[in-house]
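So, here come the structures, one by one.
Two complexes, one shared chain (chain A), two partners (chain B, chain C).
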Partner chain A sequence: MNKSYFGIFKMEFKGELQYRSKAISGMLTQLFWGLLQIYLYTAFLNETPVDGFSISQMATYIWLGQAFYVMRYITVPKEIGTSIVNGNVSYNFVRPLDLYNNWFCENLGQKIASTLLRFPLIIILALFLPGNLRMYGPVSVTALLLTILGVILGTCISVAISMFTVYITFKTLSEKGASGIVSTISGLLGGMIIPLPLMPQSLQNVINYLPFRFISDLPFRIYIGNVGISEGLIFLSIGLAWLIVLIILGKLLLKSALKKTVIQGG
Partner chain B sequence: MLYSKFLKMHIQTSMQYRFNTIFIGLTQAIINIGEVLSVYILFSQFKSVQGYGFYECLLMMGIIYTVFATAECFARGYDEFHKLIKSGEFDRMLIRPVNIHYQILGSKIELTKLTRVILGIILVIIALIHLNITWNILKILVLISTFICGFLIITGLFIISATISIFTIEQFEFVNIFTNGAKEIAYYPINIYAKWMTRIFTYIIPVACFNYLPLSYLLEIGNIPMWLCAISPLLGMLFIIPCIIIFNLCLKKYKSTGT
Partner chain C sequence: MASIIDFTDICKTFKVPLRAKGKFSMFKNFFARKYKTIEALKNITFKVDEGDIVGYIGPNGAGKSTTIKIMSGILTPTSGNCVINGSVPWKNRREFVKNIGVVFGQRSQLWWDVPVIDSFELLRDIYKIPREEFDKTLELLNDALNLDDLLNRPLRQLSLGQKMKCELAGSLLHHPKILFLDEPTIGLDAITKLAVRDFIKFINKKWNTTIILTTHDMNDIEALTNKIILIGKGQILYQGSFENIKNQYSSSKTIVVEFAKDYDDIHLDGYETISHEKRFATLKNLPSKQFHPKEFVNEITRSYDIVDFQVTSLSVDEVLAKLYKEYEIVER
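Right after this comes the complex of A and B.
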């Protein structure tokens, strides 16, 4: 059984690697967005500095965000969304695979492949940018290891949250609407629209325990040294607990949605 | 008039899927509200940036949302031009005895974007209530021309993006730098960015003409000559002319995909 999920994962992975020109064009876009944001927040930080989040830490945070953009981005997975809207999803019902696991692997495969394709070049470019624009290395080797752990956990949480968009698509038959709402919420609370360290402390105290910040904010902050090692370990375990809760919740919701799904023949 | 028939047709199609249209429309607005909220949070931490506070930025966001969504609604045909080429629909348009721009404009009218237009106008009104502006007729004229200028510039950018897809067929993600980039850059005073970025978005893509410059005039701040700020929206409007000329020139090189 496990083999078939691995097969799905591998298939999606190879599929993503086909789109090289798309990846290059995407990378240029990411570079531009990175610069745009760094200039913007530099202007803010120049007027009022924030403790534990200097301009160079901010630039590193932004570049990590751009490098792992695909992994952070919450959307209805491409083919799953269309298949729900046009009804092809019903083929999946007769397959002897668990639908949730199947889609989870598919989505994870896509995310990992396009991230692997994009992130090395962006990081290399970002490391060699001049002045305040450049990205810096991790604060320590332990921090780097924790960051890698955190990114893996974050990717899984990102996929688990994406599965909720699949549920909303089932309910509303509108993939755009579903990913719009969920990605806005997770973008705001996950530090993708503005870095969480730039938010007021009172707000951060709440957001830090919500699942969205574990997608990318936590690993990036461990990397730049804004969150210490021991604190990082505690948060990583909270993130793991969230992942389990999200997966269980997602499975239950999908089951309830499938019960009410009517296939209109054809 | 032909365009009113197009418009009626698009209204009727979207009314067929009423729930979907309304749902997408609302989520479009929610995405923007999320952005407004993030700017609000940012300004609750940092009081101001380069003399601009929350309401100044809110005014800029309101303007860009309104003009961007209006362009997305009525000039969607250019934005999704690659789809017209791919499906072969564009080939059919070329043999019809009606002006091609007229047909592209009529090919798609995205009514779900109207929620963003409404949201943008509400934001502008909220911002104007909170900002102390001494109004006179000239200022009202500048504000109105700012909206028109913004609409024309964004439409111009969509036309450029369509021109690129004449050659590439696929829509490339980096075209987003110019369209969405122009949008994001317009949330904050343009001079906080690097010189090269400010120059690109002032002289090449004149985003500043419906954003920073007219606002400097309305709020009477900044050190750019006031008369220049006042006429900047009029200058910005000219942007669309070369866009259309380039599109028409490139159209001569158009090769059908054979669909």
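Right after this comes the complex of A and C.
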């Protein structure tokens, strides 16, 4: 990768580190949501237990989800969105850079920085919670390594999907609408609203192969042992294939959008 | 000298949705939208020589920004040819933009949350500027613009004037051959305006940078440019020196006269009485009449007893306003 793209990545990273109170309030929200979700789904699981998905696994799954919330959340990256709507994007055109790569790195930098700021504390707290609420360690060292690999892949897929929201913003000039559509779809199909193991089996058979579940569902399930090592490896390669497809598709769409772009005003 | 910018017959049309009026118009618009085409630029042709400072002026909505956007490779024209620095801006965009710098006065190219120097470092990476050259350029810009106290502060903490200085520096780090400035002095106070002007002149001298400037501040034009291009309703109306235009209009004088007593009617050959109230009257010389102070005093004292008089010529802004009116290019 080119040095300038790394520079952009670094810049977003630094920018993100400047807002401490944002990170703290984010963490509090995630703790609250984690507890809420665990109470909710514990009630479900007590009524009708699901094979191969125990309450402790479910709690761990949810805590991981909260710890890596930023990485999983699909949205139009804030500055990119506003720059498209208000026309500041014109500066991106006068740089000797590929726009897609430029934005990809920006988004990735933001996501990694804010994730690194938040996840350690949430995980440490979750590990020491009492009873059913607590999070457990990984099933094995191999599973942990595979989880880390999966989280990295998932972050990239998450960014690649976010790039579609950038495309929609170009088309509609509404960043909120773009985020709304894509994040709802990916949230539901990626297990961020309801953990995927709790969904009907027939639905899972389809969802398991869609790109959204590779964002976080897969690595988390490898972590809790719900997906085995060899099965996990197969799925990780499917995820990698999806990443490549998404990037190619995203680049093509952005190119077509740029051809028709008109920057208005002043 | 070879021209660095060569614009031939550039046209640009936009398609804008036409809004139907009346009942249920929202639904009509939603289902069947009609479009009309707007000609933003019509056969724009001009040349700019290397090292020139060109003022690109015209009323709001004349097509100035559209032209700048075409020149900087952001927009593709509908038809026509344009060669800048030996290449076509919208083809091979990434190569082309290495040699241009752009400042849009109402937008920002630097990163909001981080110290300015970090933004500059990133620009260094983006343009692949060698460290040594970068340090030298930065020192030069620093000296000329007094950036010392600003570089280590995040952009969001800077005032508008400080920001503009940083934007200018940022656009010049890679030593571009052509600099596009879209309203660089908008909203700046008098001192900063002067500093920015001095700096633009300085860079032009030092590096022989070609500068294209759009502005509504006529003092910018007067102080900086050696050529202006006047555009209105998408067409070029005048190109040449600003002095020419100014001289054409500055022969028109307004004279306020104070009389020793009340006169019923003021009439002077060759002059038009614009207003008359008690002992004061405002006169204006007719286009056919050349104004000479001595002659004027002789003529007026022949028929009237006067106490004092004051002569004013048109300000640059008034000259331009007159010009716009004459060409009927003001937006209605």
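Just so it is clear, the second predicted complex is superposed on the first by the 264 of 266 C-alpha atoms of A that agree within 3 Å, B and C clash if a C-alpha of one lies under 4 Å from a C-alpha of the other, contacts with A are read in each partner's own complex, and residues count from 1 in each chain.
In this text, a contact is a pair of C-beta atoms (placed from the backbone, for glycine too) under 8 Å apart; a residue touches a chain by one contact, two chains touch by 3 or more.
Source: prediction; values computed, not measured.
**Student:** Determine, under the contact definition given at the top, whether A:Ile247 touches first (chain B), second (chain C), both, or neither.
**Tutor:** neither
**Student:** Counting residues of chain A in contact, which comes out ahead: chain B or chain C?
**Tutor:** B
**Student:** Check the residue A:Arg95 against both partner chains and state whether it touches chain B (first), chain C (second), both, or neither.
**Tutor:** The answer is second: A:Arg95 touches chain C but not chain B.
**Student:** Given the touch rule stated above, what does A:Leu188 touch, chain B (first), chain C (second), both, or neither?
**Tutor:** It touches chain B, and chain C stays clear.
**Student:** Is A:Leu64 touching anything from chain B or chain C once the two structures are fitted on A? First, second, both or neither.
**Tutor:** Neither partner.
**Student:** Should A:Leu173 be classified as contacting the first partner (chain B), the second (chain C), both, or neither?
**Tutor:** After superposing on A, A:Leu173 lies in contact with chain B but is clear of chain C.
**Student:** With the two complexes superposed on chain A, say which partner A:Glu47 touches: chain B (first), chain C (second), both, or neither.
**Tutor:** A:Glu47: touches chain B, not chain C.
**Student:** Do chain B and chain C land on any of the same chain A residues, and which?
**Tutor:** The overlap between the chain B and chain C interfaces on chain A is empty, containing no residue.
**Student:** Touching chain A in the complex: which residues of chain C?
**Tutor:** 14, 65, 69, 72-76, 93-95, 97-98, 100, 102, 104, 106-109, 111-114, 118-119, 121-122, 125-128, 154, 182-183
**Student:** Write out the stretch or stretches of chain A touching chain C in their complex.
**Tutor:** 3-4, 6-8, 10-11, 14-15, 18-19, 79, 86-88, 90-91, 93-98, 259, 262-263, 265-266
**Student:** Show which residues of chain A lie in contact with chain B when the two form their complex.
**Tutor:** Residues in contact with chain B: 22, 25-26, 28-29, 32-33, 35-36, 39-40, 43-44, 47-48, 50, 172-174, 176-178, 180-181, 183-185, 187-188, 193-194, 198-200, 203.
**Student:** Help me check something: in the complex, which residues belonging to chain B touch chain A?
**Tutor:** 19-20, 23-24, 26-28, 30-31, 33-35, 37-38, 41-42, 44-50, 170, 172-174, 176-177, 181, 184-185, 188, 192-194, 197
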